[in-house]
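Each structure below appears as structure tokens.
Here come two complexes built around chain A, the first alongside chain B, the second alongside chain C.
Right, the complex of A and B next:
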């Protein structure tokens, strides 16, 4: 638990005008070299001061023998030196009034008694001096819009996402690394990424409070094994989820996996039953696994759904059937198209086609048919949300369909979920749509599950609609 | 239902020495042009005779005015001409003793009374003359090892998989197209692909009987909305599943989706409860959705598991926890490593690391540590199956790890499932592993679910182990 001021001081970590890196190294693949490279080769625009008495310069950038020798204001200090050196460094921090620290080093309370003692010292120094410290034993932090990047995995192996409005807080560095890597690959923009490790100074609750007030953050994704302050954690989630959707993945659900969780973070994973009950009470959107996490976050930047009556449009019968199965199974409703919509839809179907939901445009459909069909369904007040299935494999489905899908996504009258599945050709189109934030899924079940979660959340946020 | 001889005559469709294409066209994107291109630009090595009285030649290949003008033995005829022309063409087939026909044309029983009458004529001609006919209203057939390819979707949009030992039979062309496209993309080799459409002559049961005896087929994947002959279908599955695993996806499970199924194939989708009960009785591996289909098929080419005690090895704690959660949830058992294995494993862990399951090699692990760890776990008789989690994002995880995973997959003492998740870098590695048939998953839940299905099937096949 940190003070209000410490929480505020997180701004020095995410929006630093200057960063110093203690232990900066020219040795490839060393943690402190990876961070050095991210800060010098990424998009960080502020002042950067590498610190290491062993070097005069690293790849042409002046290197300082100590923090105090920098003689400039330092907003954020990144530390990647061995555990036993850390208390001394933090005392220097305190003297120099550095208020933001990211400490990625491991070997603290998760490593035994000696480390526990060091960790206690760290906490004392930070609390006395209002230092906001993330870590230790963490992967680091990232703000893509400022380039403040302390993630110690190399950029060529772990892509950095572009700026956006989804924030991630993760108790596991490993899981965190996959989350940002996948987010970057799928064009999902993020506001803040925080792997908080042992949560010695700032814990889950503090971070949630920070994100609650962060204007750049619209959706919050949480990976948690065990919260330090259970009650406060749930209260914060309950309060914040009313304003910004929280998607949560609880790991260490069972006795065996909880033991595994304990061994890697030193944390006791909380009882899953308690978490599950609390999530349900707070209407937090629970993900069963990583796939849910990605599937859900894609859909939440859309306008809230007014109800649960869904329409399905497809150019492949079987894909429509599979989507209908998922809609049935998950308890969404099939929209009964309005009379007006039916008349209009009839005109885009082949002579023997019936206006039904799912609407099957059959394999002869092209971009124009999709455009008309989607427009009619967007206009129809009897439809609350739309599943758009596109088999790009058919000859008439050329690039023009992409613009139709982007238009549907930009329409912002109803939430949509696109479903497409295939090899290189289709995947290439899907990556293109990612760039325009069109929510697309490789499977009917995944799309319907995500939409159901979003419709439930919409009802929670606007019960009267 | 077809005769034994008709079923045998499928060899003329899959292994034809000569193919004639009726209605061959030079017009880009026309069905008959797509097939023309696949046969001339793909790897079909036999004789090919385009038939169309309108053309002397198409892109330099001699075109015949009629089938009878070819004057050579024709093993397989592919028909892409309008429905009403088909009975006449089949009568010519009968005269010329052509025994294999693929009819992709739509507009038969699914389109009304007139079509139903035509379809009845087709069946009569084929049955009288022992013609094996696939279709009508289907996507076509494919045998990658002979290049006999009647799929009417262009190769640049829908990749063709390489030869392998998984056969697909699908009632939906749309679903079929995604299946082969994805299979090709993920390097999954197939033996036969059959989209059988209206099943006028050869139905699901006939196709299963053919695949039962097909030496190239080791695993059978079925997408079904409603089988024509329910009882025979289940009996065939029950019998064949004892020799070759059958993975089945039933669509049209509920009233609404069943109605959608009826409208696109003219078939009444069978009661899902009956299918589900029959699958369980026959121990057929049921897929809940397309994602299951792909996840399951990857794992089934491995040696049967001797039991359900699993080991997990990871370089990222949180990913180990998530995998342990899935193992717990799905009722697999955590292996208790043997004393000998424990001693050996201790040597590859950092000083503060514990030998536990999941075994956490932490972020410093490289290919060598993985190689040793996997070797020890392969040797340990207390472990029946192995989950190998590799976060490629860490600096020491270089290309050498790929060879370690290929070696583990080739070891063939125990089934493995690899788990990896990330952006471009990791995806690139994953595609590389695909080429070597290393079963890999993007999610712990998907990997564990597939392994559980495989362990259940292993027990069914070898109950004494």
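Right, the complex of A and C next:
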């Protein structure tokens, strides 16, 4: 648990004008070399001071023998030196009034008694001097819009996402790194990434409070194994989720402790049940696994749905039926198109076609038909959300359809979820759509599940609509 | 006898309990049953027995003195070798939906409430929903809606819907009870609801 000032001081980590890297190294693949490279080869525009008494310079960049020898204001200090050196470095840090520190080094409380002692020292120094410290034993932090990057995995192996409005906080570095790598691949933009490791100074509650006020962050994704302050974690989620959707993945659901329970309740209520209760009570969107996490993330940057009546448009009957099954199974409603929409829709269907939901444009559908169909459905007040199924295997389906989907996604009147499934041709198109933040799914069930979560959240946010 | 102490504390906190008394022998059992009024249920009281019904320590729907004598002898035979404190003679509960309303103090989140389909199948179906205390009536409505078996509560197969207000009251009361008495774990199981109200058939808690 950190002070308000320490939480505020996180700005020095995410928006630093200057960064010093203690333990900077020219040796390839060393943690401190990876960070060195990210800061020098990435898009960080501020001042950068590598620190290591062993070197005069590293790849042409001046290297300082100590932090105090820099003699310039330092906003953020990144530390990648062995655990036992850290308290001394932090004392120096305090003396120089450096307020932001990322400590990626491992070997603290997770490593035994000696490490626990060091960790306690770290906390004391930081709390006394209002230093915001992330870590230790973490993967690092990233703000793509400033290039402040302390992730110690190389950029060519772990792609950095573009700037966006989703923030990640993760207790596990490994899970966190995979998430942002995949997010980057799918074109998902992020505002902040925080792997917080042992949470010695700043824990998940503090980080949530920071993100609550961070105007770049619109959605918060949390990967958690065990909260340190359950009650406060719950209260923070409950408060923040009313303004910014929180998507949470809880790992470590299995528990053995139930065996010792004295009652039926104790027996059936493992530690996970409390998390589940907390999420439900706070209306936090709980992901069951990593797949959910990505599926949900994609859909949440859209305008809130006004209701749960969905329209489906497709060029393949069967895929429409599968989607309709999922809609029914998950308790969403089929929209009954308005009379006006029905008349208009009739004009884009073949003479034998039926205006029904799902609307089947059949295999002759092309970009133009989709464009008209989607437009009519966007205009129809009887529809709250749209599933757009595009099977690219038919001859008339080409890149013009992509522009229609991008337009639909930019329309911002109703949330959409696109469904497409196929081989290389379709996958290429899907990657293209990713770049334009069009939420697309490979399966009706995944799309409908994500939409259902979004509609539930929309209703929570705006119950009267 | 922990059960008597527990029942008394629950009563003090306003939980509606079925009339009961503990019998030390057969003739006492008969006297109590007549006083309470048939039909009654009989349950062995013993700290050595965890699952009373599994070993034949529970007899229900006892309608008269003869049936009571037979049942008494039967229970005594079934629990032979266990240390027992007596036999609880309890007014037979109403018919209705058997639920469990439980609570526990979670190490991280504090007191929480668990609602589920109760009776002997609690552990098998695990049809439960949970919320952190304190809860409000909306939370409880959502807990009910989350149960797979919620149609039973709404009156499936020609039954009348259960008295949801009574269920909400029990849950709210339990939150307060756990807080006031610093309870770590507790069960009301089964607690049987019908359209009028509820009967708590069995209860246990620990501090």
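The rule is simple: the second predicted complex is superposed on the first by the 450 of 465 C-alpha atoms of A that agree within 3 Å, B and C clash if a C-alpha of one lies under 4 Å from a C-alpha of the other, contacts with A are read in each partner's own complex, and residues count from 1 in each chain.
FYI, a residue touches a chain if its C-beta (ideal position, glycine included) is under 8 Å from a C-beta of that chain, and two chains touch if they have at least 3 such contacts.
Predicted, not measured: the structure shown is a model, and the values here were computed from it.
Novice: Once chain A of both complexes is superposed, is A:5 in touch with chain B (first), chain C (second), both, or neither?
Specialist: Touch status of A:5: no partner.
Novice: In the superposed arrangement, does A:45 touch chain B (first), chain C (second), both or neither?
Specialist: So A:45 meets neither chain B nor chain C here.
Novice: Does chain C touch more residues of chain A than chain B does, or is it the other way round?
Specialist: Chain A has more residues touched by B than by the other partner.
Novice: Tell me which partner A:252 touches in the superposition: chain B (first), chain C (second), both or neither.
Specialist: A:252 sits against chain B, while chain C stays out of touch.
Novice: Applying the touch criterion given at the start, work out whether A:56 contacts chain B, chain C, both or neither, answering first, second, both or neither.
Specialist: The answer is neither, since A:56 touches no partner chain.
Novice: Let me test your reading of the model: by the given contact rule, A:321 touches which partner, first (chain B), second (chain C), both or neither?
Specialist: A:321 sits against chain B, while chain C stays out of touch.
Novice: Touching A:271, do we find chain B (first), chain C (second), both, or neither?
Specialist: A:271 contacts chain C only, not chain B.
Novice: After the superposition on A, what does A:391 contact: first (chain B), second (chain C), both or neither?
Specialist: The first partner, chain B, only.
Novice: Now for A:422: first (chain B), second (chain C), both, or neither, which partner does it touch?
Specialist: A:422 contacts chain B only, not chain C.
Novice: Which chain A residues come up in both lists, the one for chain B and the one for chain C?
Specialist: Shared contact residues on chain A: 261, 263-265, 269.
Novice: Would you pull the chain B residues touching chain A in the complex into a rising list?
Specialist: These residues of chain B touch chain A: 29, 34, 111-112, 153-154, 156-159, 170-178, 181-182, 184-185, 223, 225, 251-257, 259-261, 263-265, 269, 288-291, 314-322, 324-329, 334, 352, 354, 356, 358, 360, 363, 391-397, 421-427, 442-446.
Novice: What part of chain A is in contact with chain C in the complex they form?
Specialist: For chain A paired with chain C, touching residues are 226-227, 229-231, 233-234, 261-269, 271, 273-278, 280-281.
Novice: Applying the document's contact rule, which stretches of chain C touch chain A when the two form their complex?
Specialist: 100, 102-104, 106-110, 112, 114, 116, 122-123, 126, 128-132, 135, 139, 142, 146, 185-187, 189, 204-206
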